[in-house]
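By written order: A, B, C and D. Residues from 1 in each chain.
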Amino acid sequence: MPETAFDPAQDYPVSVKRPDLLKTPTGKPISDLTMQNVVSGRVQPEDLRIAPDTLRIQAEVADASGRPQLGQNFRRAAELIAVTDARVLEIYNALRPHTSTKEELLAIAAELEDSYGGRDTAALVREAAEVYERRGLLADTEA
Amino acid sequence: MNVLELREIGRAEKGARPDEVVLALSPGFATFFTKTIVDVPHSEVVRQILAGIEEQGVQARVIQVKARADLAAMAHTAARLSGSGIGIGVLARGTSMIHQKDLPRLSSLELFPQSPLMTPEVFRAIGRNAAQYAKGESPQPVPTLNDQMARPRWQAKAALLHLKECELLVKGAPPVEVEPVLTA
Amino acid sequence: MSLVVGVDIGNSTTEACAALITAEGVEFLGSGLVPTTGIKGTTANVDGVEAAVRAALRTSRLALPALQRVFVNEATPVISGLAMETITETLITESTMIGHDPRTPGGAGLGVGVTVAFGELDECSPGEKVIVVVPVGIDFAVVSKALNAALERGVDLRGAVLGNDDAVLVANRISCSIPIVDEVRLVSSVPLGMTAAVEVAAPGRTIRTLSNAYGLATVFELNADQTRAVSPVARALTGIRSAVVVRTPSGEVSDRHIPAGTLELGGETSTVRIDVGEGAEAIMAALARVTPMKDASGEAGTNVGGMLASVKENMADVSGVDLAEVRIGDLLAVDTFVPQEVRGGLAGEVALENAVALAAMVRTSHGPMQQVALAISQRLRREGAAEVEVVIGGVEAEMATRGALTTPGTDRPLVVLDLGGGSTDAALADRSGAISTVHVAGAGDLVTRLIASELGVERDVAEEIKQSPLAKAESFFHLRLEDGTVQFFEEPLPPEVFARVVVLSTDALVPIPVRHSVDRIRQVRRTAKQRVFVVNALRALKQIAPYRDLRQIGFVVLLGGSALDFEIPELIADALAPYGIVCGTGNVRGSEGPRNAVASGLVLSRS
Amino acid sequence: MSSLPNPEPPAPRHSLRTEVLENRPVNRDGFVQEWPEVGMVAMESDFDPRPSLRIENGRIVEMDGLERADFDFLDQFIADHAIDVDAAEQAMALGPQQVARMLVDPNVSRTEVLRTARGLTPAALLETVKRMNIVEIMMGMQKMRARRTPANQAHCTSARDNPLQVAMEAAEASLRGFSELETTLGVVRYAPLVAIALQVGGQVGRGGRLTQCALEEATELDLGMRGITAYAETISVYGTESVFVDGDDTPWSKAFLAAAYASRGIKMRFTSGTGSEVQMGNAEGRSMLYLEIRCILVTKGAGVQGLQNGSISCIGVPGAVPGGIRAVAAENMIASMLDLECASGNDQSFSHSAMRRTSRLMPQIMAGTDFVCSGYSSTPNYDNMFAGSNVDAEDYDDWNAIQRDYQIDGGLQHVSEPEILAARSRAGQALQAVFAHLGLPAITDQEIETAVYAHGSNDLLPRDVLEDLKGAAAVMERGVTGLDLVKALHESGFTDIADNLLTVLRQRVSGDLLQTSAILDANLEPLSAVNDANDYAGPGTGYRPGGERWEQMKRLRHVTSAENPELEVQ
């Protein structure tokens, strides 16, 4: 059967209208997430996470419903899926005011881009580095 | 009602006595303002805090801060000037804090954030606990009260009092040591 | 070659170890430890077993499908209960005495006069010897003014009793020096028009006159009979800094014994009864006469009756066994004391009342092990270990000794002492390898309970105190540790620990919300451990030792959670040293510490 | 005292009426005079900036009277991320009067307004709402709300952090109609057990309720990751740079956090509200509403689907100044007008006066919002660990009567006592089974029996807190997840609750709940502003409770039967 193209304007809720497009990050189709498979141990906690492709599908839905910023957030999110929880929290803390030097922020941006293909998130971090510099919100270097 | 006069002695200096507590009053305390948000006279606030300290056999000095109405900064200034390293800060509306010189400024030993719940008994307890810290004892923290209906009644007035007190700041003016004089 | 995992389902933790069994022998890989799920020996254990197996495999870098066999222990749940009862109380009648220790009394010395209400001070004549009694709520400025006025008129003011915490303030404001006692909560109940004495000692000292029976006799001009009657007053006032004694016609202080009831201990051949009021030592002596005990009960309608009934009900609830079937297999009685407010006191005086704490233990029948094993195999197969076979392997005690013997430097005859939460379990492997076991009531939970009641703290605080050494945060940059040494810090300590006694737990400093000193808390902690673990170690060893002779035991290996305690192993080793026993914390397989003995034993027995 | 040296002057005589009025609860509320110079003013201030906009090379170089070089970080974030430069020149050219008219004009569609609103600067948005009275603001809210069907959110907390109580309150709240359930703790270490209880209780009966546990970021994210909670909303933003920095955040750190939540499939909204900046003494001389508009635009720019606003914890400040509650309604409307999900306040203790408490609700309950309350206390207020709500469990019957009086849908309905008792006891039994399955401290039948019939935590049997806290630590150590709860429920025979929970967890994989204003409908399918877009276009259109829903709303505790007036409608 040929795959039907996804229509972001019509196919929401994706879980109802196009479950065929949804996979777990471990590659299982969403239809595998049944009670029977949970009870038999075939479904593991790792299976209940969102996959990058799913976030990109939702970004299309957001764009199609006139919410470009929301779509952009989902694209950044897709880039962060591979980053561990601990590292995500570290990066968040590094973005707090008076916490990081410009170099540290740029290094994070490079890490996101190089290790995770996180172009959009890296851009956000770089932009923060510029603004923090202009507004005096980088870490005090002499301290 | 007693009237409190703060007679300026001179620029506040660091004390040497290990058995003293320094009490820092905000710029509007007993100057523009005469009582706390719930009408406790400032004379009574000072009298009770000093009594709490004296009952513990500890000495007290009083300073008035001129340049800031930020409670943590005031209390920390008091602590740094105190021979024991223990200071108290009190805002005109009654919000109070016990501080210690080695703590980061934004931290505190005990904080009393809800000005409407500050009674003479609480002020006495603040003096008592500060003095006990100065003596190296382990006081039980003064129980902090909570009142869900303080928000509708007092939240805006507290903000107004804070804003008014901020207007009285004299930029760059150093804290001065004062002698509290109570007259009937 | 096959991959096996040994699993020990304990009362509180489930431990596992993974190993490869080859022709050459056993190669141990990783191990795991998780909290036990459900009551030991029930199918609810499966979750914990799965988690432990996964943990053991994870540390071995192996996956479930490779797993071939799992050995589980024959799990016999030991369920324990605790109770505590106060058996004495101190009573003051007619307000004879106020003996509390306000933090800041005023003045110093001894004053004797007649009690006069503050409002009536105006009516006193010059020369009258007066002890003034000031109610709560009168401002210190008002009090000082009135006292000065009376002194001015020539009233011979000898002392003062205040409701407020104002003693120093008043002392600083009056024109003569008199002893002043404050914070007397029920000051309005102080009898007026009576002769009274007020005594305040200088800072750091304690009162001398009112705590001496002859001092009281001198002050109040008493004869020998009267002196005998007031001697409890003197005793009650020992060691404090300030006190007030009022002489009333019929007032007295008494230590009353609360009838606590009789304990009935049933042995195989005889039954003995013992009054709980006689204390722990007598109870334990009676118990020794009927050991091995079959059951224990308390006299209905008395405190001890209620106490044992509630322990049994609790055990029935937890184990699901019918209440009538619950049999108490062992008891440990410990004398303790509980700070309690004195009845009839006026200032919230506290007396340390005697109490008896009881730990009881029930050894239930074997759990439905076959079902548990079946459930485990189903679960593991479902989770991917398609080939796994679950085998119930051997008696727990045998496995424990086998595992313990992997501790370097051990040999038979060897006793394993498993120091748990509810019970202390001992297993002996004699020279021939024959095994015998004994379970005695009382372990970590009882220690927590004793610490909590003696210090008057919540159980979670007591638990912290039990687990780690103490210190006092003398500044933001240094701690004075309980051994007197000092530890410095670069970063300031958190504000909530400043000036407080803290517990040095592994990941944080936990402030203790009480006024007690480091020394006092330490003493309570160590005594509690002595009275439970050392007593139980000796008790268990005496029951299990060949010919009941401790010298016949070569090695004692401590296992279980409390074997990781920072001082219990030392306390037990000290107590066993005189018997020539080598005693220490186990180090199973030379790497696991006091953990994993049964799990390792299970694997070893199969190789 | 017998004699006073200075007798007070005689008090002036008051009328008996004055005395009665003096004693009315409203006089225990605080009211203050405006002081616009420091920002103690709701929305009408001469010190707010005037709208202006200049775009060069597709970039905003001047906004509301400020050159780009002088932008603070909020200005810059808003200019670069929130405002659509392609729409801006046209939108600004319309002028505030015209935009205000569009908001109330039924002939102008919601989509048309959205097209304009995305090009407006903060000052332009402010000027627009300044022209609108409260009824017009409500009309705007009715049209601009993102989701067609209004809903409501409950606070389920316990003064003793008792998990059993929280599970039962969650089940009852679910039955009464709340779509989202939020909890928080007195003792933070209790969080895992209470969050589990909320999740289990929220799936009883119809189920499908989304749950949240307000904690510091790391723990909140952790619980969300494990599938023990379903969404988050306590991510605060502020309207001045200094207050934002005092809160140790920036628009960029918050935008990053927003992406982090979405990357874990967790629904999230920001929180802000009028009055927070002036309360902290750093309003920079701007009105409360102007600063809140900046918060709303930061939320929009960060790509967050929604916002909890309506002053929230600072409600005492706008509540005390003239026109303050109008400004609070306006901030909800502006959030909707910028196409954000709006959880519209009414969630904090607001007044001593029952009349003022009710009047506070009117704009949101009448116009309908995505969540009329961003926390209706499902317990008596003494159990509310968010420091009390504007409405609590004792107001249920009043709320239902108001819905029925006006035929307006505030998301709730009357439920008969037997149904409630059944749901509470089923929640209790399910939690009991889950606790037993996970080896957590047992919940006894007696505890359940007591809690089913209780009103608040004062009526409960106390739990062994030490044992519970050990259990809570074990949950974290053992890595218990939502999946373990599903298994525990299924294996203990609570298959319907297990199914509901699995459905909620499965939604995380689909990402459908990340879209604007998403909840789960009666069939546990996603219902959001995408597939339930607000289509209000004047009289006779948009959401109106009818049919089965209206019949449900007609039921109250006591309604005299028309067939037999001696009886009540059952």
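Observations on the structure shown:
By definition in this document, a contact is a pair of C-beta atoms (placed from the backbone, for glycine too) under 8 Å apart; a residue touches a chain by one contact, two chains touch by 3 or more.
Not measured: the values here are computed from a predicted model.
Should one ask which of A-C and A-D has more C-beta pairs in contact, the pair is A-D. Measuring from the average of all protein CA coordinates, the nearest chain centre is that of D.
Per-chain Cα centroids separate chain A from chain C by 52 Å. With centres defined as mean CA coordinates, chain D is found 47 Å away from chain C.
Measuring from the averaged C-alpha position of chain A to that of chain D gives a distance of 25 Å. With touch defined as above, chain B holds no residue shared between interfaces to two or more other chains.
Along chain A, residues 39 each make contact with two or more other chains.
Across the assembly, chain C contributes no residue that touches 2 or more other chains. Screening every pair of chains for touch gives A-C, A-D, B-C, B-D, C-D. By the touch criterion given at the top, residues 51, 54-57, 100, 102-104, 107-109, 124, 128, 132-133, 136-140 of chain B touch chain C in their complex.
Residues of chain D that touch chain B in their complex: 28-32, 35, 38, 40, 275, 278-279, 281, 313-317, 319-321, 348-352, 381, 384, 387-388. Contacts from chain C toward chain D in the complex involve residues 34-38, 44, 47-48, 51, 317-318, 458-460, 463. Here chain D touches chain A in the complex through residues 72-73, 76-77, 80-82, 84, 111, 114, 217-218, 221-222, 225-227, 241, 244-245, 248-250, 252-253, 255-265, 300-305, 339, 479, 481-483, 486-487, 490-491, 495, 498-499, 502, 505-512, 514-516, 525-526, 528-531, 533, going by the rule given at the top. For chain B in complex with chain D, the residues that touch the partner chain are 146, 148-149, 151-157, 159-160, 162-163, 166-167.
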